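As written, the chains take the letters A, B and C, and residue 1 is the first residue of each chain.
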Amino acid sequence: MSTLLTSRIMTDVFGGITSGAVIALVALCLVIVWKSTNVLNFAQGAMGMFATFVGMNLVFHDTNYWLCLVLSVATGLVVGGLTERVLIRPLYGKPEINPIVVMVGFLGLLEALVPAIWASSFNTVPSPFSQVYFQSHGNTVLLSPFVLYQIALALGVMLVVALLFQYTTLGLKMRAAALAPEVSRLLGVRVNRLLTLGWMLSSGIGALAGVIVSTGHTLDATNLDGIFVSAFIAAAVGGLESPLGAVIGGLLIGLAQQFILNYWSANLAPLAGVIVLLISLAIKPQGIFTRTVTRRV
Amino acid sequence: MIRVERLSVVYGAVRALTDVSFGAPAGRITAVLGANGAGKTTLLRTISGLVKPTSGAIFCDETSLLGLATENIARLGIGHVPEGRGVIAEFTVEENLRLGILASRANVSEGLARQFALFPVLGERRKQYASTLSGGERQMLAMARALIAKPSVLLLDEPSLGLAPQVTAEMMRTISELCASENLTVVLVEQNAKSALRIAHDAVVLHLGTVIASGSASEVADNSDLRRYYLGLVTP
Amino acid sequence: MKWLTTLRDARPTTSRALGITLLTLLALLITFRLSALDDAKLASGAAIAIVVVGLSWLIGWSGQVSLGNSGFMAVGAYVTAIWANHHATTPIFVTLLLATGCGALSGLVLALPSTRLRGPYLAGMTLAFSFAVVPLALNFPSVTGASSGLTLNFLNAPSWFAGLFTGPQATVNANAQWSADVAIVVAAVAFFFMANLFHSRTGRAMRLIRDNDVAAELTGVNLPRTRTLAFVISAAYAGLGGSLLTLLNGSVTPQTYSIALSILLLTLMVLGGIGTLSGAVLGGLIYSYSDNLVSLVNKVTGVNPASTFGANLKGIVFGALLILTMLLAPRGLVGLGSQLVRLFAQLRNRT
C-alpha cells in the first residue's frame, strides 16, 4: 500500500486529479451557460481571473485569505450578471457568431485590462494550508494539505451545484428555463432573471476556479487560459449539454495531460487535447455523454 | 373573464389578426374555431403576451394585459396549455407539476394531491419521465400543470390534437366539469369543431384573422353555411 | 459609363481582373511616394489582409467561426522558413504556394471531423488548435529553433529595381519598397481569386448554408463538403499570409502566432466589415497603422504610454472596439460607409 501511494503512477493520478478537478469545474461553468443561453463563453477563464484579481490582490495588502476568496466569488457573481445583461442580452435571436465574437472581444479586453490595472507583481498568493507533501516510509506522496484543499474545494462546489440543480426549486426553474423557455414563461417562471442567474453562477464558480489555481502560484491574468481550453475540450467531448459528461471529461483530460506531461513532454499536452477532441468528434459528434431523448407521440 | 377588443397582429407583411373582438365570461367555455391558419393560435399567444399586438386591447377582468410580460400574465392566473402541449419531456411527471405551481403561492403537496385525484394516471406515473407518457397522458399532464396553480382563466390550444376519439371525448368532459366546478373562464381553441361545440357555451369563428361569426354554441352549430364552409362539418 | 456596366455583366471575371489590376497599380504608385517605414507597415498590412479576407470568407459567407487562423499562419510561416533555409534558390512564388498548400492541408485535418458541427464547437476546436501551436513549436527545437525561432534571408530588391533608387538610403529604400510591392501583388492575386469565389457556385451555396442550412441541404448542397471546403480555403489564405509575413520579416518566432493573433484577426475583420473584400483591405490598413491608432488614443486620453496601463492599451482598445462594433454596427466600417452613402443619396433626392 505504502509503495503504491508513492509510486510514479499514483503520483500522476494525484496530480491529474488536482488539475482535472479545476478543469471539470470550468467545464461545468461552460455547460451551465451553454444550456441556458446557447452561448459558448470564451471569456469564462478571463472573467474568472478578473474576479480573482479583484479579491486575491488584497492578500498582498494583509487581508485574510478567506475574505479575499469570498470577495473574488462575489465579484465573479456581479461580473457574470453584468456581462449577461449588457453584452449577451442584446444578442439573443441574432446569428450565433455574434455572441461568439463579442465574448472573444471580452476575452481580449479583460486579458489586457487585468495587467493594465494590476501591474504584474509576480507575487505568489500564500496558501492557507501547508504545501509540504506527505511522507510515506521516507518517500514522497504527491499530496499535501494544500492539494487536498484544492481538490476538496473543486469537488465540493460541483456537489453543491449538482444538489442545487437536482433538488431545489430554483434548480428546477433554471433547468426548465434552459430546456423550454417559452413553456416556462407560460407557467409564470421569470426566465430572463434565471438566465442572468445562470451567468452569475458560472462566473462565480469561474472566480473560485481562478482562486484555486492562483493559490500557491503567481497571480496572472492568463492563469485559466490553458484550463479554459481543456475545459472546452472536456465539455465538447461530453456534448456541451451534459454537466456530468463535462465533469467526467474534465477529470479524464486532467489525468491524460498529467501522464503526457510526465512521460512525454509538457509541450505536447495541449496538442493531445486537440487530438482527443478530433477523435471523439469523429466517432460521436453529438457528444459521448449526450442522451438522445426519443419522443413518443 | 377575458375581453379582447379590436385586436390586430401583423407579422412583417402578414396580417395574422385583424380587428378581433370577443368576450369569454367566467364559468363558461368559449370555443374559438376555424381552419388551419385562421389565427387561433396567434390569438392565444397574443393574450399570453408571447406575441405583441399592433393595436387593440386585452382585459382580464378589469386588468389590461397589454404590455405585460408573459410570466406576469401567467401570474395573474391565466393558464395557457400551448399547442403540442409543452410538456417538458426531460422532466418527470412530478417535476412538470412542481414547475406549474412555483409561480403561485399554492401549497405544493396539496396541489399535487388535488391533481392526482383529478388525473389518477398521473399519480401512478409521478416518477416517470414525461417522454414515456402517451399522447393522452401528456395532455392530462399539461392540463394538470396549468390547473395546479389554481388559475381563473384557462387557454387551451388544440387539446384534442393527435388524440383518439374516446380520449378526446374524455378530455372534453373533464374540461366541462372543471369549468363548472371551479368557475373557470375557458377559451378553447379547436380545429375539431364537432367535439368543441359539444361542450362549449359560446363560439367564435375565425377566418383569415377576422371574426366571421360569434354567438352561442348552438347558434353557430346550427348555421349550415358556417358548418359547411368554415367548420368542415357536413350537415346531415 | 454605360459600357462599364455592360462589361461588368457580360464579362464579370475580366472586369474584376481589370478593377483589381487598376487598384494594384495605384497602390504600387503610392509606394513610390512612401518612406521605408510606411512601406514596411503597408507590406505587413497586405500580408494580414490576405489572412483577414480568408477569415472573412469563412465567417461572412459560410457562417463558421475560426479562432485557429493564427495556427494556420504559423504552419505557413514555419514551412516557409524551413524551406527557405534549405532551398535558398527557390523562387518566392513557389515558396508561397507551398506554404499555402500546407496551410490548406492542416485546415483539412482539423475541418474533417469538426465542420459537421455548428459554430461554437468549431470555434472552440480551432481555439484549442491555436493554443497548441506555440508549445508544439517549442517542443521541436531542432526543427523550429524553439522560442528564438528561425531566421531567413530578407527579400532583396533585384538589381533592375534597385537601379531606380539613388541617394544615401538607396538600398534600404529599394528593399523596403520591393517588399511592399511584392506583398501588394501577392495580396492582389489572392483578392482576385476571392472575388471570383464570392460570385461562384460555391460562394452562393455558402450564403445559402449560412442563412438556412436545412433549406440548403434540401436544395442539394452537400453540407459537410461545402463547409469543409470553406474552412480549407480560409486555412490556405492563412498559410499564404503567414508565409508572406515570414518572408517580409526575415524571421519567425512562435510567440507571434499565439491566440492573441487570432483575436486580433477577428477584430480586424469585424472592424473592416464581415464578408467583404473592402473590409479586409481596411482591416489590413488598420493593422498597418494600429500603433499610430493606439498612440492617438494615448494622446487623446492622456495615458502615459510607458505606464502599465499604456503598455496594455492596444489590447484594451481592440477588445473594446470588437465588442462595440459587434453590438452597435455589426457590419463594420464598410457597413457604416454604405449607410452614409444611402443617407447622402436620400438627402440629395429630397432636395
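To be clear about the criterion, a residue touches a chain if its C-beta (ideal position, glycine included) is under 8 Å from a C-beta of that chain, and two chains touch if they have at least 3 such contacts.
Bear in mind the structure is a predicted one, so any value in this text is a computation, not a measurement.
Asker: Can you identify the chain nearest the overall CA centroid, using each chain's own CA centroid?
Answerer: If we average C-alpha coordinates per chain, A lands closest to the whole-structure average.
Asker: Which of the two pairs, A-B or A-C, is linked by more C-beta contacts?
Answerer: Here the pair linked by more C-beta pairs in contact is A-C.
Asker: Determine the centre-to-centre distance between chain B and chain C, using the mean Cα coordinates as centres, and give it in whole Å.
Answerer: Those two chain centres are 56 Å apart.
Asker: Quick one: chain A and chain B, Cα centre-to-centre, how many Å?
Answerer: Averaging C-alpha atoms per chain gives centres 44 Å apart.
Asker: Let me have the rounded angstrom distance from the C-alpha centre of chain A over to the C-alpha centre of chain C, please.
Answerer: Inter-chain centre distance comes to 33 Å.
Asker: Which chain C residues touch at least two other chains?
Answerer: Chain C, residues with two or more chain partners: not present.
Asker: Which residues of chain A touch chain C once you look at their complex with the stated criterion?
Answerer: 34, 39-40, 42, 87, 90-91, 94-98, 100-102, 104-113, 115-117, 119-120, 225-226, 229, 232-233, 236, 240, 265-271, 273-274, 277-279, 281-282, 285
Asker: For the complex, give me every residue of chain B touching chain A.
Answerer: Its residues touching chain A are 48, 50, 69-72, 74-75, 80, 82, 86, 88-91, 95, 98-100, 102-104, 131-135, 145-146, 149, 162.
Asker: Give the list of chain A residues in touch with chain B in this complex.
Answerer: 169, 172-173, 175-176, 179-180, 182-191, 293-297
Asker: Would you mind writing out the residues of chain C in touch with chain A in their complex?
Answerer: Going through chain C, the ones touching chain A are 59, 63, 65, 67, 109-110, 112-114, 116-121, 123-125, 127-129, 131-132, 135-136, 138-139, 259-260, 263-264, 266-267, 270, 308-309, 311-316, 318-323, 326-327, 330.
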